[in-house]
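Each of the next two complexes has subunit A plus one more chain, namely subunit B in the first and subunit C in the second.
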Partner chain A sequence: MTRSNIALLVLIAAVAALPLFGGAYALRLGTIACLYAVLALSWNVVGGLAGYPSFATAAFFGYGAYAAGVLLGHGWPLWAAIAFATLSAFVAAAALGAVLLRLRGHYFAIASLSLAEVLRELVNNATDLTGGGMGLNIPLASGAGIMAEATFFFFAMWGVLLATALMAIIVGGSKLGFALACIRQNETASSMVGLNTTLYKAAAFGLSACFVSAAGGIYAAWVHYIDPSDVFDVLYSVKPIVMALMGGLGSPLGVACGAFLYLGLEEVVWRNYIQIHTGVLGLLIVLLLLFLPHGLSSLRPDRLWRRAKHV
Partner chain B sequence: MSELLRLERVSRHFSGLQALRDVTLSVARGEVLGLIGPNGAGKTTLVNTICGVTPANSGTVTFDATEITRIKTYQAARLGLSRTFQIVQPFSEFTALDNVAAAALFSQPGASLKGAREAARAHLAFVGLEAQASQPAATLTLAMRKRLELAKALAMKPKLLFLDEVNAGLNSAEVERATRLIHELAAGGITIVMIEHLMKVVLNVCTRIVVLHNGTLIADGAPREVISNPAVVEAYLGQKYAQRSAGHG
Partner chain C sequence: MQAAQILINALVLGCLYACIAIGFSLVWGVLNVINLIHGSFIVLGAYLAFGLYNALHIPPWYAVIVAAPLFFVLGYLLQRLVLNRVITAPVLVTLTLTFGLDLILNNAMIYFFKADYRKLTLTPSLGSVSIFDVVVPVDRLIATAAALALTGLLYLLLRRSRIGRAIVAVRLDRDAAVLMGVNVPSIYAIAFGLGAALAGCAGVLMALIFPISPLTSSAYLGKAFVVCVLGGLGSVSGALAGGLLLALVEGVGSTFLGPSHATTLSFVLLIIFLVLRPQGLVGRKGFE
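== the complex of A and B ==
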């Protein structure tokens, strides 16, 4: 395993120690940090490795939230609802991917963006099943105390993050990762050497969906109430892209760091500029991308040191 | 000699442009066939049509006793049809080694990444690029990238190899080197169809030549006969010149 992958696992292990240090706020922040990292690492499979700019993350997230939410309402246990959301998202996304990923560049971006809109409309109109625009109440998981429940959902989200990170590491070193790198660089040449591009792209799309759906399911159980405009919010599609760009495309460590950095920025800016927080956040992101175009992972202490010596 | 590839009345058009018109062609096992013709004659389209990039609108393509007219590109590659591109198509961020490994990995079912890299090293050595194995493809010279294309094509263990202008843009020493490689390949038993503009190379290497002009085959035969064929001279140099050279002859 490479050093950067070990660093990623150490980082994730460090996040697990969070409940030792803080109260409810730290747990909430930690849960969202794990969620963000799941979204960014998943997006990276199709966006960073295969080079397809997917805006479908919100669709996967909302799908997971509703699939798990509806099943929990029917009395399924949490683990079964999450497992169903994960597997069905993988299958559905792989099937959709085989069709959608025939489009390239901007065309693919728009098509993937519409996926969330389609699902949102479906949920809005399937009132009997989903409650439509009224939203969906999800029964409380247990009678345990507030802190116990917060801790439980933190670790559930953390578990999904760990699974996503392991997936990202395994894919990176596998035939699939190699194939996606080929596709990103030259899709025509890829099929010329016998690479079944449709198959690999579909697999990548499926993998980029399943853990996002799992996270969506846990999110639904955690907040107890979801509605279409919340879980199909386009920001769930945009944020992971920004995180991955901030962290450095392609490298799982960089992408996870980008997710944590983004959350930090979001929190700080939100607290200090409540009126204009989105504007300030946007400005900060532009500055970061201007001055660190290859993301955080291009920022190496040893490189700075070497440059200083030549002065 | 048994037949490896057969085209039966193959046509392909791009909306209004008829790129190939009723091309019927047979390639025998072990042959080195030269495919020549003026610019825009449809030579690359013919290769693309056989490899499944731009499938034929009508007619049939048969390879190794299997009909492959509507085959997908990656399936053609796995059947043993491989090609080099006129405009080189490397995976530019990959090292030379990984470029070739990709070809070995995806064209052979069940291949592992490790095994593919080992095989790739041998193919790089064959084309004389072992010193550049760990260099990104983007940093190689044009001549090296052409040879990298060749190594990639060979890593796919082809039965039939299309060489699309492997010598274009090379200096004479490089051309000589590439020609030697082609000779070695032919001696190794790979059937080769080469698109080539350099007559010296064509006459030196090919056992048979076909000439494509405006999407139609206008000549087919032994190299010396074909290049003195009036129809071929006319296709290349125009009617006036053809009459003049016929007069002189």
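== the complex of A and C ==
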């Protein structure tokens, strides 16, 4: 267990203390913080470790939301619906990954982007099952009070975040993580020395899907109403990338910090510039990529110090 | 007769799809950048046509002449000032950067033009022609003819002019082009400018037919993706083949399965093509 992984777990434990400060706003913010960290950490498995530019996060998220939403509507208990969404997303994404991850670079990016489009259109057209463009109402989980429910969903999302972080730490230290790093550096060479790249890439794609799908399911139960253009929004694919780039690709701690930082920025922008918030988000992305391509981790204090000494 | 009508519709729509995709394909092929701002350029072009017609009564087929240089300059500057800084970075960075630029432009359009759907209505309307039982609206015919003309112009430019040959050279082998004395950053900027100009012109033509709203940009972008992958990257003939195939599939699909499934069908086709034949219909293998 490296120091940065311990720091990650401490950070996540600190997030769990949020309900102590009470307030519905803190709980809502905390739930979204956990959601974002789940998305970013999951994306990092394929995007950061294996170096594949995946834009499929929105597809997994929307899939989880609709799978859990439909099952909840049929009277399944919440845990069972989430468990189904998680497992089925893992299996489906691993199978898809074995096919799609044969593509490289731009072609993979386009294919993963269109995955969400295909799912969105399918959901839009399967009106009997999903309500189509009218959206899907999800029954309330229980008769408990508003605050009790908010606390419950916060801890549910936090639980998914903890699971995702543990997955990221375990993958990082395992043979799988090593294999993904090899694939990132030179896929042809690693397959030449006998690495089963298809197997590892499929596993990585599955792992990057399952917790996002679980988070999508909890999101659906939490907000009680989902519609295709909401949960398959391409922004769910792009935001995790921005978060990971912000924190620095690859390291789980950096990615999680990037997610929290991104949420903070988003809140400030939303609050002050509601009409132009996507434009400000775009500006943020452009500035980040142009001036801090290695994320905030490139702003190490020792580097600043060294630079200062030369002045 | 129904078959003939479907075929004619596909032909008309296919040329327009080719026109939408050709600038995107040029930028992807030459700069190796997936230009997500393309859809918003098209919508901006449509607004330009709308404004010119309503304020000055300039019909869209003349508005193309105004749009092309304007968008060329816009694209040229955007590439020189912003994209050129990260042009050698991995896909992830360039793709996310153009996404950020697209967010800015799209939000600006929503802010200034509002998200309401508008329609450019020609007065008097042009009506339609019918040959036997096949009916084609005249405005669509004009848009198609203009789209074909633009496509032809690009083809001539790439084949006959010095700059065009340089663009093709950079697309084929960047390093060799540098050794032959081609100024690659300048060619990049020109190619991006051309892509933007084609997007702007396509938008002007779209204004003749489709409603205008900033929200439609992602639909145009989606069409450009599919056409590029179906036809193959960076070639004029590829974009035409891809556009016609997509329009045909959509036409046949929406006749037999219902129009709501047309988009699903096109994206399923996209994924099948990506997996089985990533070089596209007319592309060559290993040419990427």
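By definition in this document, the second predicted complex is superposed on the first by the 295 of 311 C-alpha atoms of A that agree within 3 Å, B and C clash if a C-alpha of one lies under 4 Å from a C-alpha of the other, contacts with A are read in each partner's own complex, and residues count from 1 in each chain.
One rule holds for everything that comes next: contacts are C-beta pairs under 8 Å (C-beta built on N, C-alpha and C of every residue); 3 or more make two chains touch, one makes a residue touch a chain.
Given the structure is predicted, the values throughout are model-derived calculations rather than measurements.
Legend: residue contacts after superposition of the two complexes on their common chain; A:118 is shown touching subunit C, with no touch to subunit B. In the superposition on chain A, contact is made by A:178 with subunit B only, not with subunit C.
Once the two complexes are overlaid on the shared chain, A:293 sits against subunit C while remaining clear of subunit B.
In the overlay built on the shared chain, the residue A:192 is in contact with subunit B alone; subunit C does not reach it. When subunit A is checked against subunit B and against subunit C, the one touching more of its residues turns out to be C.
Residue contacts after overlaying the shared chain place A:16 against neither subunit B nor subunit C. When both complexes are overlaid on chain A, the residue A:103 reaches subunit C alone and has no touch with subunit B. By the document's definition of touching, of the two partners only subunit C reaches A:285; subunit B does not.
Of the two partner chains placed by superposition, only subunit C is touched by A:242; subunit B is not. The interface of subunit A with subunit B does not overlap its interface with subunit C at any residue.
Those residues of subunit A lying in contact with subunit B across their complex are 174-175, 178-179, 181-182, 185-186, 188-197. Those residues of subunit A whose C-beta lies close enough to touch subunit C in the complex are 47, 51, 53, 55, 99-100, 102-103, 105-107, 109-111, 113-115, 117-118, 121-122, 124-125, 234, 238, 241-242, 245, 275-279, 281-286, 289-290, 293. In the complex of the two chains, the subunit C residues touching subunit A come out as 28, 32, 34, 82, 85-86, 89-93, 95-97, 99-104, 106-108, 111, 218, 222, 225, 229, 260-261, 263-264, 267-268, 270-271, 274-275, 278, 288.
Per the touch definition, subunit B reaches subunit A in the complex via residues 51, 53, 72-74, 77-78, 82-83, 85, 89-94, 98, 102-103, 105-108, 112-113, 152, 156.
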